[in-house]
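A, B, C and D label the chains in the order they appear, each numbered from 1.
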Amino acid sequence: MKHACKPEQAAEMIPDGSVVLIGGFMAVGTPERIMDALVARGARNLTVVANDTAMPGKGIGKLISAGAVSRVIASHIGLNPETQQKMISGEIEVELVPQGTLVERIRAAGVGLGGVLTKTGLGTPVEDGKPTVEINGETFLLETPIRGDFALLAARQADYVGNLEYSLTAHNFNPIMALAAETVIAEPQLIVPVGVISPDSVKTPGVLVDHLIERAA
Amino acid sequence: MEAKEIIARRVAHEVKTDMLVNLGIGLPSLVANYLPKDVHVFFQAENGVIGLGARPPEGMEDPDLTDAGGGFVTALPGAASIDSAMSFGLIRGGHLDMTVLGGLQVDARGYLANWMIPGKMVPGMGGAMDLVAGAKKVVIAMVHTAKGAHKILPECTLPLTAQRRVSLIVTEMAVIEPTEAGLVLKERHPDVSVDEVIAATGASLIMHGDVPPMQLT
Amino acid sequence: MKHACKPEQAAEMIPDGSVVLIGGFMAVGTPERIMDALVARGARNLTVVANDTAMPGKGIGKLISAGAVSRVIASHIGLNPETQQKMISGEIEVELVPQGTLVERIRAAGVGLGGVLTKTGLGTPVEDGKPTVEINGETFLLETPIRGDFALLAARQADYVGNLEYSLTAHNFNPIMALAAETVIAEPQLIVPVGVISPDSVKTPGVLVDHLIERAA
Amino acid sequence: MEAKEIIARRVAHEVKTDMLVNLGIGLPSLVANYLPKDVHVFFQAENGVIGLGARPPEGMEDPDLTDAGGGFVTALPGAASIDSAMSFGLIRGGHLDMTVLGGLQVDARGYLANWMIPGKMVPGMGGAMDLVAGAKKVVIAMVHTAKGAHKILPECTLPLTAQRRVSLIVTEMAVIEPTEAGLVLKERHPDVSVDEVIAATGASLIMHGDVPPMQLT
């Protein structure tokens, strides 16, 4: 059984300089209370791995505005002008990764694969400096796994053992990120007794989840 | 008729019953408005749903259900929630029948550039590289020229999106099919002459006999 | 919407010599009615890709006993003495693949990856004749994708558009195999109207499923 | 006390609260019977469930819920259904805290052979190679000798299961820890002398001072 923790406690667990995988797509499926707590704590120098950096005032955008982030690995930053400005000024280093490659690189780390062999990015700037592998006469780009110190997830509901369910388009990167970090912290909208979530509805087994954020006040 | 509407109406004819289709943000998303009544397709939003529907009634929006642009949407009966791994597994695994994307440039090889302008605009590729590398059919929906400058060129000057020949280019002036031999002019807007299309195109066009008018109803 | 077909029609669709991915683990989650129909049709020379060959009289064991199979790619054949006998007599060629590698090889085919980079099998006979790849000083075995002509799946329930749900340990290889074949045929225990299966409960989106087996008489 | 019971009782002490544990078929599965009352763990059955429980009441068996040996089981409250990709993702990605497996041979390097006897028994490796390559802790539960023949050898003569040093060997005579320097004799059965263990072991054993008796309660 998990002990629920406050968002502030979660933020204390995450040292400056950590690599954090953060669920969400344009802030849908992003753990907002953990974002707020990281900002309140004055977190610095985080490497954020996420699909995007949302927009100012939402999700990961809050971390960007607060100056908590020094590096971003994402597929898209176009809707957050602050990320773009900070990239140009050199405050934030940005690695752009095709979205499908990003999720497979995180999954590779999570399921113990040595890398990802993909056609995505071939013949584009994504290929620069990366090895290619020839398989049966076809060329594939070799992309390396991405692992986090922490995964910060949003979920629809959790039970007391940490089993997670997600809703509609708020799944996105959350179930995969749950596999790929040393410490997994989930912020569910609801926490329900064991047995309320059927085994067949569990998308992330509780054994992967280290901490649950307590119910909102 | 506005250029965007012409393009969207023509692209709509490429959509057939039972296809799984992904429409890019902006112009491509307009295609959904012009589908023939008897065509039943599932639209995928790469952020996590198959069976995307129109905007919900006022006050009934679900913050956990948006499209890839972040706008509120609905899910049609028979919809499926998918995480990013499944979403891009479908795209990269050849399960997506068709994607419609905007373009900055397309060249004589049929290669697309649509994700960055060096030194000016670096929003990130999002899912574009995966979509172009993986979809069965890639339709580029774009205006024919940009402020008088050619967008269809002998060779793209902007960084490529993928090293894969797109299937079709649909503009307000013409329908062009990239082939091994080069760009084939398949159709022209009823009010536009073949010479006008040629003048607006930076790459050579191949013609096989008469060039029929585009179907816009 | 799918049209339900009889198991015999499904068996007719599958020519002798096909590569068939078959869901199930010791016959749990195996489409038994399709197995029976393949036996009744006198199918020959099939390549079966599956976790195991069950036992005589159950699941894939029926195909083995009937002489329908000339090649097996599986992780385990130990509980079916007939498979072992036919392997020794040369009637069936058997490729043994570690279970985790098998599911990743099928997934790789399904999601468009060039192969699987794994530590499983290193230093064992599984490594023989396969290339290794060095990544950051670590050695990984390169395993190639496995694709089927057909995937034969068992599911708990389907709706009219082919969305599938699985139950408990009857999931096993079914959801992954749904991604990796030209033609996907699913045998659900129940078929329910569209809307009965919530989008969040769908494990295999209907767009992947080509045929549903009709309800049992 | 029978050899099997001795082994299972001793291995049970390796299981700690909150671990995710996979027990192999046969002898290893007995470990579940001897867990201390205050130890709460989730057992994984690699065929698809986390939270495996004992055999169900007569007449309440679910054909869709079995263990990896094909026997009927239950799912405990808080259980999660997992498909083979998730199951082996957990195993290969380092999420499985401990696996207990049988062994044919273990050698001075700590390498295990447990999946085939060339020319005699080729059942297939099932999940064994993945488990040994991927689990955090690999415990080998086996009888010390086979009909008088050594099973703990300078170098395995049977094909290896993995090129990875196992964590612990538990037999009815001794507990042995493979290390960089060789096999360390950690404990002996209370009724067995160190000399008897040495005589029954084909590889050299290292001792650091006294060898305490195994805990069997």
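Keep this in mind: contacts are C-beta pairs under 8 Å (C-beta built on N, C-alpha and C of every residue); 3 or more make two chains touch, one makes a residue touch a chain.
Chain labels with UniProt names: A, C = Acetyl-CoA--acetoacetyl-CoA transferase subunit alpha; B, D = Succinyl-CoA--3-ketoacid-CoA transferase.
Everything quoted here is computed from the prediction, not taken from an experiment.
Chain centres here are Cα averages; for chain C and chain D they lie 29 Å apart.
Once the centre of each chain is set as its mean CA position, chain A and chain C turn out to be 32 Å apart.
Mean C-alpha positions place chain B and chain C at a centre distance of 35 Å.
Touching two or more other chains at once are residues 49, 75, 81-82, 85, 88-89, 92, 133-134 of chain B.
The multi-chain contact residues of chain C, meaning those touching 2 or more other chains, are 104, 107, 111-113, 118-119, 156, 166-168, 199-200.
Taken as a graph of touching chains, this assembly has some other topology, since it is neither a line, a ring, a star nor fully connected.
Annotation, chain-chain contacts: A-B, A-C, A-D, B-C, C-D (touch as defined at the top).
Residues 45-49, 62-70, 75, 81-85, 88-89, 91-92, 111, 116, 121-130, 133-134, 159-164 of chain D touch chain C in their complex. Chain A contributes residues 107, 109-113, 159-161, 163, 179-180, 194-195, 199-200, 202, 205-208 to its touches with chain D in the complex. Those residues of chain A whose C-beta lies close enough to touch chain B in the complex are 25-29, 51-52, 74-79, 84, 87, 96, 98-101, 103-104, 107, 118-126, 156, 166-176, 203. On the side of chain C, the complex with chain A involves touching residues 104, 108, 111-119, 133, 135-136, 138, 140, 142, 144, 156, 165-168, 199-201. Per the touch definition, chain D reaches chain A in the complex via residues 20, 42, 49-51, 75, 77-82, 85-86, 88-90, 92-95, 134.
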